[in-house]
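Next up: the structures, one after another.
Two complexes follow with subunit A in common, the first pairing it with subunit B and the second with subunit C.
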Partner chain A sequence: MATVELKNIGKVYEGGVRAVDNANITVNDREFVVFVGPSGCGKTTTLRMVAGLEDITEGELYIDGNLVNDVPPKDRDIAMVFQNYALYPHMTVYDNMAFGLKIRKYPKAEIQSRVKEAAGVLEIEELLDRKPKALSGGQRQRVALGRAIVRKPKVFLFDEPLSNLDAKLRVQMRAEISALHTRLQSTMIYVTHDQVEAMTMADKIVVMKSGVIQQIGTPLELYNNPANRFVAGFIGSPPMNFITVKLREEAGKLIADEGDSQIELLPRQAAAVKNLAGKDVVLGIRPEDLIYDDKGGRGIRTRVEVIEPLGASTHVYVSTKKHQLISVVPPTIQFKVGDEAVFHPILDRARFFDVETEQTIPV
Partner chain B sequence: MVFKKSYGFAYLTPVLVLTGILYLMIVWNLVASLTVWNGILPTWKWAGFANYLNLFSLERFWDNLRHNVIWLVVFIVPTTFLGFVLADFFSAMKRTEVVFRQIFLYPMALSYIVTGTLWAWMYDPSSGLVNSLLAAFHVDVARLGWIADPNIAIYCMIVAGFWQYVGFAVVVYLGAIRGLPTEMFEAARLDGASRVRVMFGITFPNVGHGTLITTTMLAIFTVKTFDLVYIMTGGGPGDHTEVLPFLMYQVAYSQRDFGMGTAISTVILLFAAIMVIPYSNWAIKKWVRE
Partner chain C sequence: MRRDIAARAPANSASRIRGAIAGILGNAVLGIFSLTCVFPIVWMFYSSLKTQTQFALSTLSLPVRPILDNYVAAIQSHMGLYLLNTLRNTAISVALIVLLSFVTGYFLSRFRFRGRNLLYAYFLIGMLIPIHALLVPMFIQLKTAGLLDSWYTLLLPYVGFGLPIGIVLAESYVGGIPRELEEAAAIDGSGFSRTLFTIIMPLAAPVLAAIAIIQSFAVWNEFPFALILITSDQWITAPVGLSTVFRSEHFTDYPGLMAGIMTTMVPVLIVYFLFSNRIMKGMTAGAVKG
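Moving on, here comes the complex of A and B:
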């Protein structure tokens, strides 16, 4: 059993800079939780507070129900994998992995068997006598993982562990860390700025911005029901399209007026935002929900700006007079830059956001 | 391309000229050591290896060499060790580090003459600071002669050298420690390593380049120690603090035997080369390339 609970956690640096504000997160036993957000959002600071590498200025941190605010890192029974691996350059791979166990005075035979076992899991047995300098980035990260595994800690912490790897290796290691989680059945907290990593690996995602938690939920909850415009834009690739429209009533119907194009809202949506008639709202439409209409029709009229064929699909960047939009279309549809194209939003899946507060308007 | 290469080479000219002069002087020194010459008259007499043979037969020479070795061992190891330990402590400080660094580096800015005078006064048996302080703590100082005591004079002098050079070691190590990734230390903290274990098990093995610079520079300083000896004791009591550079000075300038003096300086050069070159090669291989 290993749970991690953050209660009203805050971090204020000398000089009054606030890095984390009132974070409340519960990481359940065996859960894989990902903290995600742009640079400077406080995700790494939060993780470092869990590790004990950063003092907690406000709130309480519990590991397995025990208050650990003032417990030194070594006594928290956690292991951390760093972005730049943080291996000891003068030690062999074996010694790097065994170091923590030696300090904890484990018997030699046990150290040996644990290191061998971890090396087997990570397929680095043949590297045990090498020094970190003689390893590739991917191999070093495996050793860093191994160093964490041998300790059999209550909680694993990962601080952007794949950021220094090339794209292909990152995808491979992503899958391996997920597999490791399944195999070890441990509680893991993982920090990344890459929303794809968050979506593919997490049981639960914590989205942060400017030190404040924006939303906590499963990947699909965040994708389908973002709490605000930031989460909607951050989760999902390519990102959600945001169209500022003016709502007006016309013959008993509610019309979203983009300027060039008018979109008639569904009765359910009209009922929910009727009180906003005459005002601006932001309409959020996922790129895959912006459907190309080869017959023209009364959709959003655009001009094709950039075409990115990816093979399985094509990303088309288009513009109206006021907005830049992205649509994901099947590869069979061929565009040329400068083409006029009409797109229909799947309105049923559209989200509405308040212009001022940027919060989601429930529809 | 040829033009560019020669153009670039031209930039090296001042260094090449200076290095050339240096090696010319070494050769000249070597030649002079094979002659009998008083350093003033334009005439000299070829003497072969007589100067060297005479030198090696002198008990004073071997005493001096032994003193140089004492300097090497007793001075370098503690200075390097304490320099590293202090740098490690300072590196963990934030603002106060600058103050401490300057305090420890300040003696290096002094000339050896000042250091020598200062410490000679501190060691003075009757009016020196050391004995005055000890007397204040009711220690019987009547027999504590410090640099007047043949048994401990050289060690007292080494303390002065240590005082002057430990700041150098601190600064070199501080730079080396600052260059290490902080995550490595954080990983060690999570692994549960104690402060001392981190210092000697993680930090020290990773600042080999700092150790190389410090020990090499200190070795070079040690081999050519002259100023402190000249100012503090003049080689005394007896010849108990005499070192080879001091002997060279005495022989060449006081006794006007330039042939013998240059022979001693050649021996110093060889001594330095034997000490420094193999050590540097070994240390570069172990600590820098590895």
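Moving on, here comes the complex of A and C:
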């Protein structure tokens, strides 16, 4: 098992396009780290640099304490699962899984036992004689996992491995990969654009945007204490509501003025953002923290636009004159499109962001 | 409403009759065209079973008493040697064309380097130059280099002229093979050559088969270079042999010539019927990427 350390890693393509900028990440032994971010954020490029499939333009990469910048992929003792599986179409499942071991000249008996063992773990023993074209998407993904497992590498790399699967199978494979991590106790780096995958699987999440790491932390750290507006909006489903408010002092209290609605800040929040009185800030409120008030008190006055009943809960899309908001409410509350509805934010869990820098304002 | 339908009925039947006549005429034209394609081969076959006298009396009539003497004579003449020469030229040229097309096509497809587009255009232009335009320069070139009239003489132009289309087809096909396969192989520990020949080459088998088949026909039937560059009897190829063995200054043994042509056609026909599906695929290979 191994650690992976990225020190000031950068990737600049021909023509000066900077894909990754000054990435510093430490992946501890046996840790499951997920790189997450929107398309083009540099997460796959970073993973490919770890794999040795992309040259590293700047910085140093260490695997198990050894500098591997110039070490070819085959000598890094890694295994990678690709988005499109990358199974060799002309080989059987057995040969696909055994290919790496054959090249490394393992004894035939050892190869057989490793392939059988991996096939047993992944429940694909009956598929060993088939060619990839005779397999379903989920089975192919298992074979791709099997090909990685048999090598018993120091580090497993996953490049959006579940993207090509349907929603149900994705949930199932997600759980299986997590179980595999627990079973193998290996270091794993996993790339995805799906924040739900990141939240459910990761020990540690690295959020990236435009080649720059935005925040590194455990799923709940990122959820509860996002470093900036991007992380706050990216992590969590449905995403966080952002309300631009003007802060003003009124009778010794600090009021966040949304336009139609006024929200009185808590004393500790008021103390922290007092110096911003008279200026705009962005108030971040999670959908589950926007509580419907059936008595229609002095909260945020809205109009119901869209209702999405999910069974266990209902997503209600509402709007004020300036903002579109989402609230997660119990299924027992019935709305109709066009209804007037008042919501109260749970202020204790609200976050504040600077309008210009978009960084979190500590409160 | 009902009146409308009643009025339309005769018009419909008239158009049906017109359609049927057009269909019959169309099929008749195609049938006649097919006959004009097939008849020469049929005619050649039954003429090869005639004696020279029978052939001279009526060129189109069926043989009165079919004989195989012309085939025995053709095989016993130098045609056997000429066929062997053709077979050797075809086997070596096609093997070289397939191998070099694959490797060059792979590099052009996978690597972006300075001059790559120029090189690709160079190969494309190679497809446009007619062989006949290069007969004289090629003759002078090989004569100067002392490469004329040898067992390997014809291999050079055959490979040279076969490569452009092979490279263009291979380049296009390799472009559709996912790059991740090579990356997966690299991570599995496979070196460059091993990946090229054990992962990519088997996946490119359809296009390589197509190249092999197309070039087999081209080399097997090639005439101008074989006529100009070879003078020794021992290296003459079948197409050139056919034009000399059965002809003298004042006389042509037509039934013998037909038997000779039928003999040289047999390997080509076998290849065609065995691989006709692949040939069709090969004709359109590279037309659509992916």
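By our rule, the second predicted complex is superposed on the first by the 362 of 363 C-alpha atoms of A that agree within 3 Å, B and C clash if a C-alpha of one lies under 4 Å from a C-alpha of the other, contacts with A are read in each partner's own complex, and residues count from 1 in each chain.
The rule we apply is simple: contacts are C-beta pairs under 8 Å (C-beta built on N, C-alpha and C of every residue); 3 or more make two chains touch, one makes a residue touch a chain.
As the structure is a prediction and not an experimental result, all values here were calculated from the model.
Peer 1: Could you classify subunit B and subunit C on subunit A, in the superposed arrangement, as clash or fit?
Peer 2: Result for subunit B and subunit C: clash.
Peer 1: Check the residue A:Y88 against both partner chains and state whether it touches subunit B (first), subunit C (second), both, or neither.
Peer 2: both
Peer 1: Does subunit B (first) or subunit C (second) touch A:G100, or do both, or does neither?
Peer 2: Both partners.
Peer 1: Once chain A of both complexes is superposed, is A:K322 in touch with subunit B (first), subunit C (second), both, or neither?
Peer 2: neither
Peer 1: One more residue to check, A:R349. First (subunit B), second (subunit C), both or neither?
Peer 2: In the superposition, A:R349 contacts neither subunit B nor subunit C.
Peer 1: Which subunit A residues lie in the overlap of the subunit B contact set and the subunit C contact set?
Peer 2: 51-53, 72-74, 78-80, 82-84, 86-90, 99-100, 103-104, 147, 151
Peer 1: Show me the residue ranges of subunit C that touch subunit A in the complex, using the header's touch definition.
Peer 2: 178, 180-181, 183-191, 194, 199, 202-203
Peer 1: Please output the residues of subunit B touching subunit A within their complex, sorted ascending.
Peer 2: Of all residues in subunit B, those touching subunit A are 181, 183-184, 186-194, 197, 202, 205-206, 290.
Peer 1: Under the stated contact criterion, what part of subunit A meets subunit B in this complex?
Peer 2: Residues 51-53, 72-74, 78-80, 82-90, 99-100, 103-104, 131, 133, 147, 151 of subunit A touch subunit B in their complex.
Peer 1: Please give the residue numbers of subunit A that touch subunit C in the complex, ascending.
Peer 2: Checking each residue of subunit A against subunit C gives 51-53, 72-74, 78-80, 82-84, 86-90, 99-100, 103-104, 147, 151.
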